[in-house]
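Lettered A, B and C in written order, each chain numbered from 1.
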């Protein structure tokens, strides 16, 4: 039996089983929630959900029969990845409340910190802050003024 | 000859200037992930009210041409297709950029886009009325089979296990049913939320599924986003030219496929580049290199998707049925200007039509110098900008771009959530492409199926409706081919080995 | 006239490429039209670009600028057949600088079924400006020369005549139901996504007839024939096509288009908007352009909107009841 290090791949059985089970849950849910739809509207989602169920079951069975391998995921900091996900989620929800500009400036600053691996010198902080503000300002203007996109101003400010 | 003189109108200095501005604006806009060609064209419509119709059309056409090509930058440099038509560009363009050949990929995409654009415009000029009749032959049932064909292609193309490709496609198909259904007017899987009524918007899903995983992996390590190119290499024009020459049949075939498939309103663009890509891979002596940075992959998709510009105008002009969303905006602008589409576009209104086509040719040719210039800067800035600025800038563009598609803040939430889900799924072996294709082709498949069923019922034979028309049989044959060919090839490469070992 | 047009064109041409003309050309024009509006107005279309709602708004756009010197900026907020936009209208700024297109019967029918996030009464409509009359359309080479031909065929083999249309529980679907019950026939209605797809199905010979509008017929004049129009009078573009009324079926209706403001908009501003759009409706050039595309202009100013909506609501409720959308 080859070890994980020699092949630079991982045993895919546990992950395939998790994937299969999650997909089975989704497919079952899709079938359950299609009950109150009209016949015309439910035909397609039910067919697809059934197919998804079959494929996922096949994947589950396969994981017990053969020994699939998967590529080792890219290395790197888990904390920073989760941090990026958190910032992006907060950003997307904050648009409506904080307004586009405020939410974007704060989140962009947070992302800059997350993506930076060197020491922060006052010069660098200043330089990056100006550069980021300029990029965001330019694109904000492009969308809001030139392209006339009604970007949210922020419900929070309206109440003040 | 008379037509030629109409085309020459497009070369007047002011029209030429408009074409230059249009192409540059289009490239710039679409190069940013999330800014769409539809939006660029829509914003310009009021500006064109004051212009003579020819000038207006040239400007709109030039923007559209530039935008479709500009979409390849984001696909190559950030792995994010700006339009469904650029999905396959990411397959080889991004790996090329990662290993330091981003400049070559951009040069190739520029040359290919020009070739594709020229072939598409030529078809529009010479074959439009004929091809439009073919488009009409495609009924609901044919669209249903075409969607199935597209799905089998993507599952075969996706890296790793075909089973996971099908699972991804199934998930995308289910996502496509969220919201108010066209048939039956049911509200499906909205779980009481008014925001889910509009369903999952395709472009925001594209941005989320492709761009968010790139961002997530960007912050995880200190290493550079793309391999920097060697010093003083320039735009690698000569290298690009010789690769184009090597792939000339590939380019020609892809351009023809792109034009032909694009005449089908609604479905064309996204399927065209996939078909070209899979054909290129099937016939290439280096087919095992596809997906790992093979230049022919970039050539195939970029020729095909720019050929769809000319191809998409065929049903728009001849039938008054827009082939793509930007076509719909241009059609609207035409109606407001007082022009009626239809055969008269090629008889009584011939002046406007041919000037427009002339403008398309100019815009396409201009793409080469303008594109190489802008492309060089785009590539250089992506490579040299520090990560701490690159990550927030790309993230900001995904957010503002997604918002602007439907002016809906909830779409941004959906984009981010899908991106995170897509990142997790791709670690489990389910890649984004099948999911997105499921999302795009789902409505086509569903509507085609139910409409076909209803029509079959009315005529007394449902089986006859689905299997009785020659055109649908031809597409079914293609479906079978795309499913069976990989199996056959796998069997053929395995069997000699087995014979040697076993017997 | 010719010269100013040329001038604006040149100005537009120069700035167009920079995408900035839209922002600059507005104020550059005469801007002395009183206090309201003193800047551009956002006009949100709750559908995608290129449809009839978009095209008619684009026509208004030009004349709005001529009258006020300000731009009408058209935005799209597509999704859920309009529901995404309408459900968010009342959250927007009620200062008169945000308006949204509204469509009948959509805003009446949608809230009847499941909850689409808005109620018909919540929408503060201020002007209804036109409608596209329903029309039953066949291909030019169709064996059905008159409405009677089609009815005879449908009577002979119930359900065998296929009719395409845009969407379920939509203007087209309802027109078909009303027609079926009045003529006492049974057809097979096949819903498509949008008028474009429905007319393609007709042109491709997949269906025998299509429920569309006079606008559809105007757009495909050389390839289709209308059997009857659901308007009070014959349309000036089609003087030879009878109305349903003439043929003995009491059917008028179609897709009505108007505009609404967020709930908090002050009354005087709303009145102001209503009279601005009424002015556009009276412009002869605008009227001519709309007519050429097959639209029929109507004038329902703010003061009359309540009555108009009540009438429409009653009419559609009857149909909805017979269709089983409501009990």
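Here is the rule we go by: contacts are C-beta pairs under 8 Å (C-beta built on N, C-alpha and C of every residue); 3 or more make two chains touch, one makes a residue touch a chain.
Everything numeric here is computed off the predicted structure, so don't read it as measured data.
Asks: Taking each chain's centre as the mean of its Cα atoms, which chain lies farthest from subunit A?
Replies: Centre of mass proxy via C-alpha means gives C as farthest from subunit A.
Asks: Please identify the chain lying most centrally, where each chain is represented by the average of its Cα atoms.
Replies: B
Asks: Which whole number of Å gives the spacing of the CA centres of subunit A and subunit C?
Replies: 39
Asks: I'd like the Å distance between the centres of subunit A and subunit B, where a centre is the mean of that chain's Cα atoms.
Replies: Once rounded, the distance between the two centres reads 23 Å.
Asks: Nearest whole angstrom, what separates the Cα centre of subunit B from the Cα centre of subunit C?
Replies: Here the centre of subunit C sits 31 Å away from the centre of subunit B.
Asks: What are the residues of subunit C that contact at least two other chains?
Replies: 19, 22, 73, 75, 168
Asks: What are the residues of subunit B that contact at least two other chains?
Replies: In subunit B, the residues touching two or more other chains are 43, 181, 183-186, 407.
Asks: So which bits of subunit A are touching at least two other chains?
Replies: In subunit A, the residues touching two or more other chains are 40, 146-150.
Asks: Which residues, counting only subunit B, touch subunit C once they are in their complex?
Replies: Those residues of subunit B that touch subunit C are 14, 17-18, 20-22, 24-25, 29, 38, 40, 42-52, 55, 59, 136-140, 179-187, 192, 194-195, 197-199, 201, 265-266, 319-322, 325, 327-329, 331-333, 335-336, 338, 340-344, 406-408, 443, 447, 451, 454-455, 457-460.
Asks: Using the touch definition from the top, list the residues of subunit A that touch subunit C in their complex.
Replies: Going by the criterion above, the answer is residues 40, 142, 145-150.
Asks: Under the stated contact criterion, what part of subunit A meets subunit B in this complex?
Replies: Residues in contact with subunit B: 12, 15-16, 18-19, 23, 26-27, 30, 33-34, 37-45, 48-49, 51-52, 55-56, 58-59, 62, 68, 70, 73-78, 80-81, 83-85, 88-89, 91-93, 95-96, 100, 104, 107-109, 111-117, 128, 131-132, 135-136, 139-140, 143, 146-152.
Asks: Subunit B touches which residues of subunit C in the complex?
Replies: 5, 8-13, 15-19, 21-22, 25, 44, 48-51, 54-55, 58-59, 61-62, 65, 71, 73-81, 83-84, 87-88, 113-118, 159-162, 167-170, 188, 190-193, 196-197, 199-201, 203-207, 218-223, 289, 292-293
Asks: Note which residues of subunit C are touching subunit A in the complex, please.
Replies: Against subunit A, subunit C makes touches at 19-20, 22-23, 40, 42, 73, 75, 98, 168.
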